[in-house]
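Each of the two complexes below includes chain A, the first together with chain B, the second together with chain C.
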Partner chain A sequence: MSVWKINTAPGRNMTWFLSWFLFASGITLYVYTAHKRHVENPDDKVVPTLRQLTGGFYNAAFKPEADDEAGAGLWQRVRGSMLWHDTMASGRRFLISFALLFPAAVLGLHIGVFPYVGAFFMRFILFFDKIIALSVLPILFIAFGIDELSKIMLIVIGVTPTIILDACNLSKGVPKEQIVKGFTLGAGNFDIAYLVMLKQIFPRILNSIRINLKSVALFLFAGEMIASDDGLAYRIALLRRHMGMDTIIPYVLWVALLLFLVDLTMRFLNRRLHPWFREI
Partner chain B sequence: MLRFDAVSVRYPFGNTYREVLEHIDLEIDPGEFVTVIGQTGSGKTTLLRLALGQELPARGRVFMDGNEIREPDRHRGYVPQKYSLFPDKTVLDNITFGLEVQSFSLLGRVTPAFFRARKRFRAEAMQQLLRMGLRKEDASKYPDELSGGMQQRVAIAQALITRPRIVLMDEAFSALDPNTRAGMQDLLLELWRLTGMTILFVTHNISEAVYLGTRVVALSKEYEPEQDRQRGSRVVLDMQMPNSPGRHFKQSAEFARLVNYVEEAMEPPRAAGPMAAAV
Partner chain C sequence: MRIAVVLSLALILCGRAPAADKPSFTVGWSIYVGWNPYHYMDKSGILKKWAEKYGVTIKVQRFDYAPSLEAFVAKSIDACTMTNMEALDMPAAAGVDTTAVILGDYSNGNDAVLVRNGLTFDKLAGKKVMLVQKTVSEYLFERGMTMNGAKDQIKRVRLVNTSDSDIAPAFLNNPDEEAVVTWKPLVSQIRKGKGITTIFSSAQIPGEILDLLVIRTDVLHRPGGQNFAKAVTGAWYEVMSQLSGTGPAKDKALRGTAEASEDTPDSIKEQLTTTHLFYTPQSSMQFLTSAELKQKMDLVRQFCFTHGLLGEGTSGADEVAVLYPDGAVQGKKDRVRLRFDTSYTQLAQEGKL
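Take a look at the complex of A and B:
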């Protein structure tokens, strides 16, 4: 058996087979379960069949053709759909929070680079980092209202301390030689901070943000499930009451796909923007 | 030009201190090529860090042209052993970096004047690059695409282009294989003769120190038997070397004699005992 050998790798076909095996068996198992349950009870709602799932996805992604706008094209039907509406609402919150991670990274850089800034912020952020963001949700609702701002603040409180601390650590990891070299070449303090340090750690910051995308999505979903009247998580929470699994499962996969695409885009951009960076 | 005035350095060690350098007096004149040698832990890198201003002495002062050194600045160039180049910048951008930051502030970098000046900087950097024996097509490479020797060539070009008063080199060739190292030594000597610059070169390799330097300074720790503790390093040897010897010098008997002499000077005094006292 060469399975438990460190120095033996599977061939091309074997790799292909092994890497898709769990997907295939998962789908098979699901289809089998759905079939069995529907034989026992044709009205089963817990495990919808593939046909019901595609139907559910179609209904969510395309607005039903109304009589008064019979001529509505496919595009208008997509734009009027529930899925589009929810995706836009969640996407907006996601992007605003995502954009706020960059200033956080820059703050982290300053904490790492300038000892005075570090002395001012470090202790507080270490403390702040330990606060469970969801536990202050009631306070957030009181302070920022129950609409958009409190949800974005939940994400900011939940994710930015990690990004700040990570950016700080990354900037401290830059070899001292680089800073000294910069000064001996006549660079000023901000030249060093931005042209030497930030430029050098930026691909790592992007990676750190990529890893934390899931936390962003997690806090977004928590916020939407608790207090919202639109968004992807709101829909999942709503449909859960009606056991609408035929819509929930497509939604779950859709969210996974979106996150995957954001991650892929960031990875691609990172590689494109930083050809010198070899650790992607 | 660069002057160490009764400099001592010590680091906290447990609840006492460990002396690293003890009462170092040293003056380096313009045009000198001073090599500093010492064993591991003899404080030669500390000496270089003092000259840079990366570290401040516990006692005594370090002066550059009469001004006390407080932090690294553009008067003293620096070529470390590792991490000498900015990994995110191409070879050419590494070399122009010094020219750019000296002429333009961070905000000035977005003005049209900056882009005009950059053309000039790039031309100058390219000249420097070719002088250092690199090819034109190396200019757009990133540092990690170059061999160690090539990287150090770029690092020297980068340090020299801003015309510092003195170049401080910390084991700059120690990570290179012997052939590359010999080539780099000759290149450095040639540059030094051509430009008349001042160099302070730290190394643990005695023959490198003897070959390169017009003056060799050796640091060594002294052992004080009655207190049974390690004291800081002092200058145990400070000697002028034969002038501009050339490559064949390495094979000569005089070279071997000099290396031997320096090696003996660096030996710490024998641990005390009745025998040593009698001698």
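Take a look at the complex of A and C:
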């Protein structure tokens, strides 16, 4: 057996087989469980069959919410559907919070580079980072209402301290010699900060944001489940109320796919923007 | 070493042996004034006494409401407290045959619609209402709209699904939010806010929001299942007689009921004024065998159906049928999923438990 040999890699077919094995067994186990439960109880809603799942997905993605659009074309039906509507609502919140992570990274850079800025912010952010955002929800509601702003602030409070601290650490990791060299070559303070330091750590910052995407999604879901009238997590919270697993499972997979695509895009962009960076 | 192993094995075996032949059952409950007595019943030893009488072991476990329903549907617990509406749209609609064994109370003002600025039902169109959607709160809200002649405007109200754990601070601290639907003790808390009035409550729809103890029908057919139902029913009415009585027994029961939700006995007393508890098996029997029950259940099941709570593919409310104590079936006879069973309450009434 070559399983425990560091220098032996599986062949192409073997890799294909090994990498799909867990997927295949997971799906098989699911189908088996669904079948067994439906034989016992034809009305079972906890583990829907594949047909119910596709039905649930079809209804969510291709059936307009308002009945009067029923006869419209495919594109219009998708645009009028529950899934589209929810994806747009959650997507908007996600993108706004995502955009807010970039200023956070820049702040982190300043904290790392300029000792005065560091003295001002560092201690506070270290403290702020340890606050569990979900536990101060009532305060968020008082300060920001229960609409969009409180949801975005929940994400910001939950995720930005990590990004700030990470950007700060990354900028501290740039060798001192480069800064000295920059000064001797006649660069100004901001030249050093933006052209020497930010430029080198930017791919790592992108990476750090990419890794924190899941936290963003997590806080977004928490916010939507607590108070909202649209969004992907809002729908899941409602469907849970009557065990609508036939729609919940497609929704969960859809969210996973979206996150995967955002992650993939960021990786691709990072490689395109920084071809010299080889750490991903 | 070997002796130790043998000894501990022997201990385990001895410890288990007597329990092994006693069937064991689990009751799930969640915080609500009408269900808190299950906590007291367990802690005071009343339940244990009844369980021993019937030769069963009964465990009592607290849940949050939604997870308790999920645990019941997933068959990880045998009995659970829930309202008539959830009994219909969670287990019954998911094909889990369910029997309502104890009718504990109906909400007689515990659930309420509260507003700011003297708003009324006819002015709610286009406004936001905070509530936990697809629950009795939404049911209460729609009944209120209907009874106040604003039925055609229901669709124009913007419902904001808000978790019950945050609904009180979220409403109280945002003066822009004008209406909220929730239940006690949150209602009492919100009502203390400035300029907030109650425009509708479950006292105006008595007997529509029923609080039950349900047991899976297949559990009742398991060895010891009947005895389990008898033991719980016996213990329940013993607690009820304490709560409705006087003297130190009543105080103790009130304290135990309050302790269940870390509340004060005074607050429990206040909540009991808006809870129509069926203190005696007689009163419970009377409601369960009345024509009223069928009318109220019909309103509830039609609501469940029109809100898609009975499942996507369901063609009508008749698909999830209800069986009443007199043998009448509401819905298709071959699709009975929820049963109101008075046999245990009747035994209690006749003093045969």
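Definition applied: the second predicted complex is superposed on the first by the 272 of 280 C-alpha atoms of A that agree within 3 Å, B and C clash if a C-alpha of one lies under 4 Å from a C-alpha of the other, contacts with A are read in each partner's own complex, and residues count from 1 in each chain.
One rule holds in what follows: a residue touches a chain if its C-beta (ideal position, glycine included) is under 8 Å from a C-beta of that chain, and two chains touch if they have at least 3 such contacts.
It should be emphasised that the depicted structure is a prediction, and the values quoted were computed from it without experimental measurement.
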- prompt: Between chain B and chain C, positioned on chain A by superposition, is the outcome a clash or a fit?
  reply: fit
- request: Give one of first, second, both or neither to describe whether A:F98 is in contact with chain B, with chain C, with both, or with none.
  value: neither
- prompt: So, A:Q178: does it touch chain B (first), chain C (second), both, or neither?
  reply: first
- request: Tell me which partner A:L137 touches in the superposition: chain B (first), chain C (second), both or neither.
  value: second
Partner chain(s) touched by A:F62 [first = chain B, second = chain C, both, neither]: neither
- request: Quick one: classify A:V196 as touching chain B (first), chain C (second), both or neither.
  value: first
Task: Please indicate which partner A:F121 is in contact with in the superposed arrangement: first for chain B, second for chain C, both, or neither.
output: neither
Message: After superposing the two complexes on chain A, what is the shortest C-alpha distance between chain B and chain C, in Å?
response: 44
Message: Give the list of chain A residues in touch with chain B in this complex.
response: 175-178, 180-188, 190-191, 194-196, 199-200, 274-278
Chain C-touching residues of chain A, taken from the complex the two chains share: 41-46, 55-56, 59, 137-138, 141-142, 145-146, 225-229, 234, 237-238, 240-244, 246-247
Field: Sites on chain C touched by chain A in the complex
entry: 66, 70, 73-74, 89-90, 93-96, 128, 130, 133-135, 158-163, 165-167, 169-170, 173-174, 176-177, 308-313, 337
Message: Going by the contact rule set out above, which residues of chain B touch chain A in the complex?
response: 52, 54, 71-74, 76-78, 80, 82-84, 86-89, 97-98, 101-102, 105-106, 142-144, 158-159, 162, 164, 168
